[in-house]
Amino acid sequence: MVGGLEVLLSPVILFFVLGAAAAFARSDLAIPEAVAKGISLYLMAAIGLKGGVQVAASGASADMLAAAVAGLVLSCLIPLPAYAALRRFGKLDAVNAAAVAAHYGSVSVVTFVTGVEVLEAGGMAPGGYMVAVLALMETPAIIVGLMLAQRGATVEAQPKGALLHETLLNGSVVLLTGSFVIGLIAGKEGFAPIAPVFDGLFRGMLCLFLLDMGLVAARRLREARALTARLAGLAILFPIINGTIGVLVGTAAGLGPGSAAALGILAASASYIAVPAAMRLALPQADPGLYLAMSLAVTFPFNITVGIPLFSSLAARISGQ
Amino acid sequence: MTDTVARRKIEVLVDAPLLPRLTALADKAGVTGYTLLPALGGSGAGGRWSEDQVTGAQSKVLFMAVMSADKADKLVDALGPLLESHGLLLIASTVDVVRGGKF
Amino acid sequence: MTDTVARRKIEVLVDAPLLPRLTALADKAGVTGYTLLPALGGSGAGGRWSEDQVTGAQSKVLFMAVMSADKADKLVDALGPLLESHGLLLIASTVDVVRGGKF
Amino acid sequence: MTDTVARRKIEVLVDAPLLPRLTALADKAGVTGYTLLPALGGSGAGGRWSEDQVTGAQSKVLFMAVMSADKADKLVDALGPLLESHGLLLIASTVDVVRGGKF
Amino acid sequence: MVGGLEVLLSPVILFFVLGAAAAFARSDLAIPEAVAKGISLYLMAAIGLKGGVQVAASGASADMLAAAVAGLVLSCLIPLPAYAALRRFGKLDAVNAAAVAAHYGSVSVVTFVTGVEVLEAGGMAPGGYMVAVLALMETPAIIVGLMLAQRGATVEAQPKGALLHETLLNGSVVLLTGSFVIGLIAGKEGFAPIAPVFDGLFRGMLCLFLLDMGLVAARRLREARALTARLAGLAILFPIINGTIGVLVGTAAGLGPGSAAALGILAASASYIAVPAAMRLALPQADPGLYLAMSLAVTFPFNITVGIPLFSSLAARISGQ
Amino acid sequence: MVGGLEVLLSPVILFFVLGAAAAFARSDLAIPEAVAKGISLYLMAAIGLKGGVQVAASGASADMLAAAVAGLVLSCLIPLPAYAALRRFGKLDAVNAAAVAAHYGSVSVVTFVTGVEVLEAGGMAPGGYMVAVLALMETPAIIVGLMLAQRGATVEAQPKGALLHETLLNGSVVLLTGSFVIGLIAGKEGFAPIAPVFDGLFRGMLCLFLLDMGLVAARRLREARALTARLAGLAILFPIINGTIGVLVGTAAGLGPGSAAALGILAASASYIAVPAAMRLALPQADPGLYLAMSLAVTFPFNITVGIPLFSSLAARISGQ
């Protein structure tokens, strides 16, 4: 089983905490943006490759399809209750509520990567195909969010084709999917010579990246003027509810405990790359300070420190491990 | 002494994901010469931001183009709706350039 | 034709570690809208420098803000002591902006 | 109120490998104070370019210097041949600076 | 022997294809320039070190001298017929033809590095001294190109000393040569403690770099307005002819099949770092959009995907392996 | 024992020499600043982690306290005679003398890291707690330097709190201390999965970083107009004297030869990150061209090539090894 405290005291999480502490103390510690971006691309390529290699070894399975359908459905439906809660309880206008809701339907790659790391360390490695599910879940919520915004307010008509294109071909989806396919083609043998980089360095690189994410998230929280107590509450409630639903749906769909936990982590996580960029283009009236504060400054740290162990042990318990 | 002529310089601070739309509009307005400068951060009605490649959502770029006064008027008109909907900063000024025929 | 109005643009080249002090002074003078541009290097009375993140001691940033003439005077006055003690470069110019009400 | 005086600001967009030649010419013309800003990309008669450190062949830098009108004329003259042969963009404008004695 | 398809399906090449595909599909996938540049410096240091260590182990040999002379001669002579073809068939003016010709006389470090990788994987590792040959071949063609330009057109007299200096001491020549010498001094034992970085990570880093090169090359091809069909044809013909000549000359000079293949790859490759920078300075009238389109957007991808396997199997066949 | 020549011919030092040679020859070789900064942060995290893990294994000891006290005292006292020498022999005014003196009281992380590398290779590894001593020695000299400046000249009153905050929480202190604590918590077992990055890559990364430092130091030396022969002499004399004192004090305090050598290296080294930034804020009248030339362009290269072997063999000899 995945122990809570043990996870919290692993270097991966401790580096995140160090980054957050440094930012709160107003230290000038900063990782060059180009380097942080480089590490994030590395993590995507690595997780994609590893997933592909695993699927190449284990072959396609019914699980895969079940997980894909479950992930797609979750990412399309999660924005709906989120939107309602944001409007009524969160007191947001239609455009901002729709924008925030889209973030929660989509996913965070780093949360997933950290989750896989924790699950593997706890002997509950999810299926390699979950990487494909991750890629599938990145973009549908953007469309749902825009539909919600257009229902709730008069929103400038956008060049749809352009937006769809930008969304579907955004860098992280392309890199994840492409690396997954490369992993599939290369298989164990093809992967061996590049394993020192994409496997051996993975955990250490994740430490450095989470150090940066701790800095970025905490700085944003410090400067988040738009974040009310109600919204902060929702930014913690959403992952708990969505994550629990994700684990239950995953288990019901017949996934093993590792994959069910991973689906819970995906459902609980909120996008802070693909969706903000799309919103900046399509819903410029929505406040980036708001949606980034919720997804990046509250939900992301919550998931890294509390959510991942929570959904992992939930999945383990349900499956009777 | 080298001859210089007066031209208009237009600067627009634009969100990075919006840049293709801006240059497309400039292109339509007949402005094909421009230079892009990176921005590090800033502050405005919408709060503070700082270049953060990981998120990318708040990266901004300074579009700068020198042109004749006529073209400048056309460009500002063409950009109008985009400036309005996305709340972009546009700065115009008069400058002198050498080899004015290019602009 | 889109309406533009005249405003003042103030640019200050400032040492990176000094930036928080500069923006705090600007804030006090009522200037909350500004943009920061990176600098690569330069030369002056104090010799040459070039951006060097390892040391960091000689990184500089270009602070740029557009505002009304009144505020510009206030800002220049407020920054006076800092410009003097740290020998900073300040450049003011007149520019045209759209939606002048913002500034 | 802090006193300001009028000076000329010269900006030249220059290919990175050409920069040493430009600053050497500026030096000879007596211009020793300048600041370099990075450029990200652009478009002109020669097509589009974007900063690409791997090739490096199309990196450009914005040279910016403030000086007296006299020196500005001298600098523009001195740079003339280089601007011509390499097709560089030069922008001159009038700005106000504090502590004008420096320039 | 080095199989064509097998090479094409190795992760190193697949990442290049992924980058190119992403750029053609207009994805916003991008590797920060500083990181890509950092990886390219790493690759140069690593290949230099490895070459030096190998020569330290095997000692100097007659092969080394033969390869150096062959490389130098090739890089001085290749621009001449290339210039003629570019003027007559390619319909370029003298200045542009000279500039392009210089690129083909010089070499591409990444093409060489990828070639060595492929040759090693196929059991045909070239001699370590080929790194020195690579460094030797980088700059002479620049001088030849400028002479061609001055014969064919009135070209502004340049400060010769300055240009020669810039050319001979350009970063990649210095780093390659310096690392080679460090490898020579350090030998196997001195290299051991740094091997995890300069050997262990090599292939994985090459994957990430070729991902970027795929993006860069395809974006350039998309925006290459100056590239006519005739010029694109030459950009494919040049490497085929030059590479074949390189393999033949190398074999005739007594090099083993690995080193002969490497010489062919060097002859086939075209510079896109040192030569463009020198041309920008010395031949500003030449169009960078043109020479970079040919060398980087056509010849480089051709060599990575087709040229390397081609020259490798040619060398193997000739030597009767 | 740590041999002088052998050290000088290790790749780590040779890369430094290569960088310096390239800069003196005016090559355009340059490592992107973001990448160099990223590597420097990596080195700090790695050295911090390794120190923490070591202390976790060996437990707290009396040595630790002795080393901490010795380090603190050295960094507070070293600026005093340095100031006097700079004023009288170096002919500096009070403000510049105080600024330079502060640099010599503080420390250089990279010098320390290189020193540890050399000591470990020579079988004289210092105690893991020396990392904590390094962090302790970074900032006190800044305060001493400012006091010297205020005594010697009328210096604008500074917002003290702000400066103290900036100094104590500067990025490198926070990262070193934070990583040390993470290492302490994680211990050997927690460190194992991230060891491929933070241990395996260490030496190779140090090579790349010292290549950059060679470039940076030599470029600065070339442009150092403010550096008189007398000041250059002091920039060599200071590390010799301070380093010798450091070794003696360390040995007297009961430290083993490795830790005593490390204390000597710390005493000999001069800051070029934390102190320059603080001086730029608090003593803007002082000339950065001057203090960076002395600490970065003269003392740093001296310590890397001569100082480290010197203090190592001194410590070995005194302790009778």
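To keep things simple, chains are lettered A, B, C, D, E and F as they appear, and every chain counts its residues starting from 1.
Basically, a contact is a pair of C-beta atoms (placed from the backbone, for glycine too) under 8 Å apart; a residue touches a chain by one contact, two chains touch by 3 or more.
Just so we're on the same page, UniProt names per chain: A, E, F = Sodium-dependent bicarbonate transport family permease; B, C, D = Nitrogen regulatory protein P-II.
Note that the coordinates shown come from a computational prediction; the quantities given were computed from them, not determined experimentally.
Q: Please find the path from chain D to chain E through touching chains that uses the fewest steps, and give that number.
A: 1
Q: In contact with chain D and with chain F at once: which chains are those? Just list them.
A: C, E
Q: Shared touching chains for chain C and chain D?
A: The shared contacts of chain C and chain D, listed by label, come to B.
Q: Please identify which chain has its centre, taken as the mean of its CA atoms, farthest from the centre of chain E.
A: For chain E, the chain whose C-alpha mean is farthest off is C.
Q: Quick check for you: after a Cα superposition of chain E on chain F, what is the rotation angle, between 0 and 180°, in steps of 5?
A: An angle of 120 degrees brings one copy onto the other.
Q: Return the chain whose centre of C-alpha atoms lies at maximal distance from the corresponding centre of chain F.
A: Taking each chain's C-alpha mean as its centre, the farthest from chain F is B.
Q: So chain A and chain E: same face meeting same face, with over half the numbers shared, or different?
A: Both copies touch with mostly different residues.
Q: Using the average of all C-alpha atoms in each chain as its centre, how far is it in Å between chain B and chain C?
A: Roughly 19 Å, centre to centre.
Q: I'd like the Å distance between the centres of chain B and chain E, where a centre is the mean of that chain's Cα atoms.
A: Inter-chain centre distance comes to 38 Å.
Q: Hey, how far is the Cα centre of chain C from the one of chain E, in Å?
A: Chain centroid spacing, chain C to chain E, equals 45 Å.
Q: Give the residues of chain F that touch two or more other chains, as numbers and ranges in rising order.
A: 28, 32-35, 37, 166, 196, 200-201
Q: Give the residues of chain C touching no fewer than two other chains, as numbers and ranges.
A: In chain C, residues 17, 37-38, 53, 93 touch at least two other chains, as defined above.
Q: Strictly by the criterion at the top, what is the full list of touching chain pairs?
A: A-B, A-E, A-F, B-C, B-D, C-D, C-F, D-E, E-F
Q: Would you mind writing out the residues of chain F in touch with chain C in their complex?
A: Result: residues 33-34, 36-37, 40, 156, 166, 212-213, 216, 223, 225-226, 272-273, 276-281, 284-285, 287-289, 292, 296 of chain F touch chain C.
Q: Taking the complex as given, what residues does chain B use to touch chain C?
A: 13, 37-45, 50, 60, 62, 73, 76-77, 80, 83-84, 89-93
Q: Spell out the part of chain B that touches chain D in their complex, as residue ranges.
A: 1-2, 4, 9, 23, 32-38, 61, 66, 93-99, 102
Q: Which of the residues in chain B come into contact with chain A in the complex?
A: The touching residues are 15, 17-18, 21, 46-49, 51-58, 85-87.
Q: Considering the complex alone, what residue numbers of chain E touch chain A?
A: Per the touch definition, chain E meets chain A at residues 9-12, 14-15, 18, 21-22, 25-35, 38, 121, 196, 200-201, 203-205, 207-208, 211.
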